[in-house]
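Below are two complexes that have subunit A in common, paired first with subunit B and then with subunit C.
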Partner chain A sequence: MTSTLHRETLENAAFRAGYGALLVFMLLPLLVVVVTSFSASGRVAFPPDSFSFVWYVDFFDSTQWLDAFTNSIVIGVGTALLATLLGVLGAFGQELETDSVVGSVVAPVVLIPLLIPPVILGITLLLYFNEVGLRGSYASIILAHTLWATPLVYFVMRSVFSRFDWQQLDAAHDLGAGPVRSFVHVVLPNVKHGIFVGALLAFIISLQEFVMALFLSTPGTETIPVLAWTEIRQALDPMVSVVSTFLILISVGAIIVAAIATNLEWVSKQLS
Partner chain B sequence: MSEITLHELEKQYGETTAVEDVSVEIEDGELLCLLGPSGSGKSTTLRMIAGLETPTSGEISINGDDVTDDPAYERTTSTVFQDWALFPHKTVRENVEFGLKMRGVPADEREQRAESMLERVQMTGYGEDDPTNLSGGQKQRVALARSLAVNPDVLLLDEPLSNLDKRLREDMQIELREIHEDLDETFVHVTHDQDEAFTLADRIGIMDQGQLVQVGDPDEVYENPKNQFIESFLGDTNFVDARVTRTTDDAVYVDTDLGTELVLPTDTEPAVDEGTALTLSLRPEILSIDQPSADGGTAADDASEQQLATDGSSRTAVTGTVENVIYRGSTVRYSADIDGTSMFAERTDATTGTLSAGEQIRLEWNGADVLAFREDGTRVSL
Partner chain C sequence: MSETTSLPQIPTSLASLRESFAGQSSSTRALLLMAPLIAFELLVFVIPFLILLRISFAEPSSDLIYEPGSWSVEAYAAVIDNILALELLWSVISYSFLLGVVVTIVTVVLALFYAYAIWRSTGLVKTLLLFSVVLPLLTTLVIRTYAFRPLLSPTGTFNELLLSVGLLSEPIQFVPNTVGAVIGQVYIVLPYAILAIYSVLATMDWHVVEAARDLGASRPRSVAEVVVPQAMPGIIVAAVISFAWSVGAYAAPGLLSENITFALHVEELLLTDLRYPTAAALSVIMLVLMLAAISIMFAVLNRFGGDFDLA
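Right, the complex of A and B next:
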């Protein structure tokens, strides 16, 4: 009995060590990116010869970068709103229509955009948006990113709704709440954390998406990944590291916000 | 005025028929229990009255208005659900106020009404509590308060007591009964528990395989069941296979595996032919238990005891061996082997002369108390 336990502890320790090593190996490049952003020289080298904030100062002086930053935020927020609306309603509607034909085709249809290579999607959408006159607008990139973000929100919401007690919806109807009011008063408060997480996910997807944005953006709507790529083609300087550091910070920040938001209620319950 | 009329109600899910041809008039102020095993369509029927399911065909009217196509939120019914379905993100008071809020009742009036409802269900002081922290019995009370708060014409109860333990369930049955008498509203209560139905109901509607088999007063459905399903569902009984050997003007004589011919006295000319296979039901309460005389009962003794009296009763007795004795608290149940057929009878514990396994036992009954059913389950009127 003791020896079995001992072996189990050893195996656990070995597994954890291996898992940790793999994780560190995969995350190390992120550290390299952050460190190189503080380089004083004009080339990307690790470790840098000397440290300074010179590239950060340059970033905040550059209207080009700041515009790209604004574009990314606008497109990210737009994508988050649209993808969340579509994903939540799609998943909710499917729960109500589990037996119907419409319900059974929703999941595969929502999934299709994820299965098409982004290069193909980018070219196709470019042609399509040219036809309908959306070229060069924020809307074109928001719609493209929504194609990718909606399935993710949708699957997050499917899992959230699967834990929802649907009898509550019956109870709301029974007590006189129509479809809209029962959704607002009963469904929404139960799934708001899931919706928030889905929206953050959509935002991050949009923030990092490069291929479709490359095809669809014009100088006025260039996002950070697109500008970074253009810049790298000319010179690989630590500015790219600075921008990457900001992207990493935003993503990590979003995850922390999501964790806090979903746990706030739990925390408040523990305190009371 | 809150009478409900169901007319040829039917509900199909794809190929499956959940409810078939249910017609019943539920009177104003009545407490009707829909009783049946799981899958008998009783909950589906209730949900159709609530408006939570749409009937495939048929009509539902409440107070004379056809509400068949009205959604749940436009009906004057209110449901207490099996799992209570309290809103976990709202406080107890917010739960109780919800229906009033949806009806646009001002906040202070809502609060007042919620408080008085919580008082009625003995949950005063729990208004600010999180319903997820309440016990099952408390949740049940809150759910009841929430449904009563909207002052429904009809209260629908979908097995709300089935998740409670026995003691609490019995307390709640009595409380429900009192609330019903207080409010004088129409209640429809769904349950699979016959004790609950008998405790609560003004009338019982028995459902089986989607059909409403019989509706009647509790004593009527128990004593005068329409078919063998009802007889077997309402309490325990001994079913004995029999075959008609001969009929006379005032009795049916049947052959059974009990080793003796039985006489079933009839009021009218019996509606069975010679050779018809029957199933007899001998409820434990019609069987009286005795110890046979020292020399043991013989076939001759039994035959001599089997006489058709002029008042339409007939005493019949059989003897056998006690197989086992089960103490069930207030009663003792004896299982006996009667000439190869197993039968059981009950005695209250106080009865003297306790029998033990292996001893001889004599069961006696009045033939007029025996019910007989045909092979298709229909009752033979005797």
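Right, the complex of A and C next:
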């Protein structure tokens, strides 16, 4: 009995040390980003030799970063809306008719873009959007990002719907509710958190995707990652860290606001 | 709904839309619900891809990027010759796959462990662990990769720490090196892998594991025989995502390694050399290889109790 207890203590200690180390690994690069943004010199070193706000002052003199930020948000929101609409409807349709031939073709086709290196997708879409005259528009990048975000929404929704008790829907039908009404009153309340998570995933995918955006963007539609990549290649200065710090702060703020707006109770249940 | 539809009429037209929707049989309804998705995939994925396939069969041209309307297998022949002669393309492709395999194995093991830790923890610890997964996701991939440079370079934080402690006598060059590329790429895919596995674990009943423990299974054994099989759908998603994104890696090897991956090479072929048919043919060959590897992965993982069906 004592040896079992002893082993359990050891196991617990090893387990804690393991995820503690991973926690550091997950957060350290972000800490580097935030700390180096306060660097006084033009060299990106961690920890910096001395601290100052000089790069923050530079940031507020720059309109190109603010423009890039607007572009990122517009494209991210567009992607989240489109991908959620397509993914939720598609997954629900498939769930209604599990044996359909079309359904069994749709699932792999939706998944494949996620498995194709973004360089190839970027080039492929660049040629295509040139042909159809969408080059340089927000729409071109939104469509490209939706190609990546839809599978995530779709598979999140498939797994959410698969856990939903479909007898509830049958019960609603038996009680006289039509398909739309039963969806809104019976299915939706059970899956709305899944939809929210899906939309958030889509937004995140778009916000950080940069290879496709690199090929498809023009000076007017450059997103933050594209501008950051170009800047890093030109000069290694802490300006990019400043931008990232703002991005982290705003994203954290957005997640909190979204969480409060959606369902405070659910979030607290999830987080506690 | 015509253009003249005025506001008060919308509820009635919505109602009629609803009625007509309700009138459909369930299979027609399913098809209608899937229609936007199908149209989107057709217009933004299938058709553009057919154009790429077409270009891979075009004849290279000296003054244009390719000869319009021409048919040729020249590009494929050149690519396959180069691979079989174990020249540049062979090293590019084998390096990309090696990176993909190593990153996938490391990522899945770490993700399973971390997802399990999140699942089992409570209160503030759980919040902190979840937060540490979501926060990197909110940072652009370029920045996350870039942050490893001051950390891992020969004069960087990590090396100086090891040197001052006395574990090293001279700095190790993590970057630019394959080690750096692997670390950077694992960091990129790890949050997705953790969330994929955690989302499955979160729906699992802890009592099943408890029952296994009560019946005498040790903690490692209860994880291996109860948790892993149940989490397999999540593990498969995590593995496939890690593999596909790492074989096609661009940012991490671009910033943290000097080796050329397939993605970096194809970009050069297209944007610098303007050899469209060659780049298209190489892309097609690479895709076939990748999809073959992923199918094998599905088959193998499914045998371990995944029972994961795409459709």
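Criterion: the second predicted complex is superposed on the first by the 245 of 272 C-alpha atoms of A that agree within 3 Å, B and C clash if a C-alpha of one lies under 4 Å from a C-alpha of the other, contacts with A are read in each partner's own complex, and residues count from 1 in each chain.
Just so it is clear, contacts are C-beta pairs under 8 Å (C-beta built on N, C-alpha and C of every residue); 3 or more make two chains touch, one makes a residue touch a chain.
Since the structure is predicted, the reported quantities are computational estimates derived from the model, not experimental observations.
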Partner chain(s) touched by A:73 [first = subunit B, second = subunit C, both, neither]: neither
Which superposed partner A:174 touches (first subunit B, second subunit C, both, neither): first
First, second, both or neither for A:208, with subunit B first and subunit C second: second
Which superposed partner A:139 touches (first subunit B, second subunit C, both, neither): neither
First (subunit B), second (subunit C), both or neither touched by A:185: first
If touched residues of subunit A are counted for subunit B and for subunit C, the larger one: C
Touched partner set for A:81, first subunit B, second subunit C, both or neither: neither
Subunit B versus subunit C as contact partner of A:163, first or second or both or neither: second
Contacts of A:33 with subunit B and subunit C, given as first, second, both or neither: second
Set of subunit A residues, in rising order, touched by both subunit B and subunit C: 178
List of subunit A residues in touch with subunit C within their complex: 8, 11, 15, 18-19, 22-23, 25-30, 32-33, 36, 44-47, 85-87, 89-90, 92-94, 96-97, 100, 102-120, 123-125, 127-128, 131, 143-144, 146-147, 150, 154-156, 159, 163, 178-180, 204, 207-211, 224-225, 228-229, 232, 240-241, 244, 247-248, 251-252, 255, 270-272
Residues of subunit A that touch subunit B when the two form their complex: 99, 165, 167-168, 170-178, 181-182, 185-186, 189-190, 269
Residues of subunit C that touch subunit A when the two form their complex: 18, 21-22, 26-27, 29-34, 36-38, 40-41, 44-49, 51-52, 55, 110, 113-114, 117, 122-123, 126-130, 132-144, 146-151, 156-157, 187, 190-191, 199-200, 203, 219, 233, 237, 240-241, 244, 247-248, 250-251, 255, 262-263, 266-267, 270, 279, 283, 286-287, 290-291, 294, 310-311
Touch list for subunit B against partner subunit A, complex: 14, 50-52, 71-73, 77-79, 81, 83, 85-90, 98-99, 102-103, 130, 146-147, 150
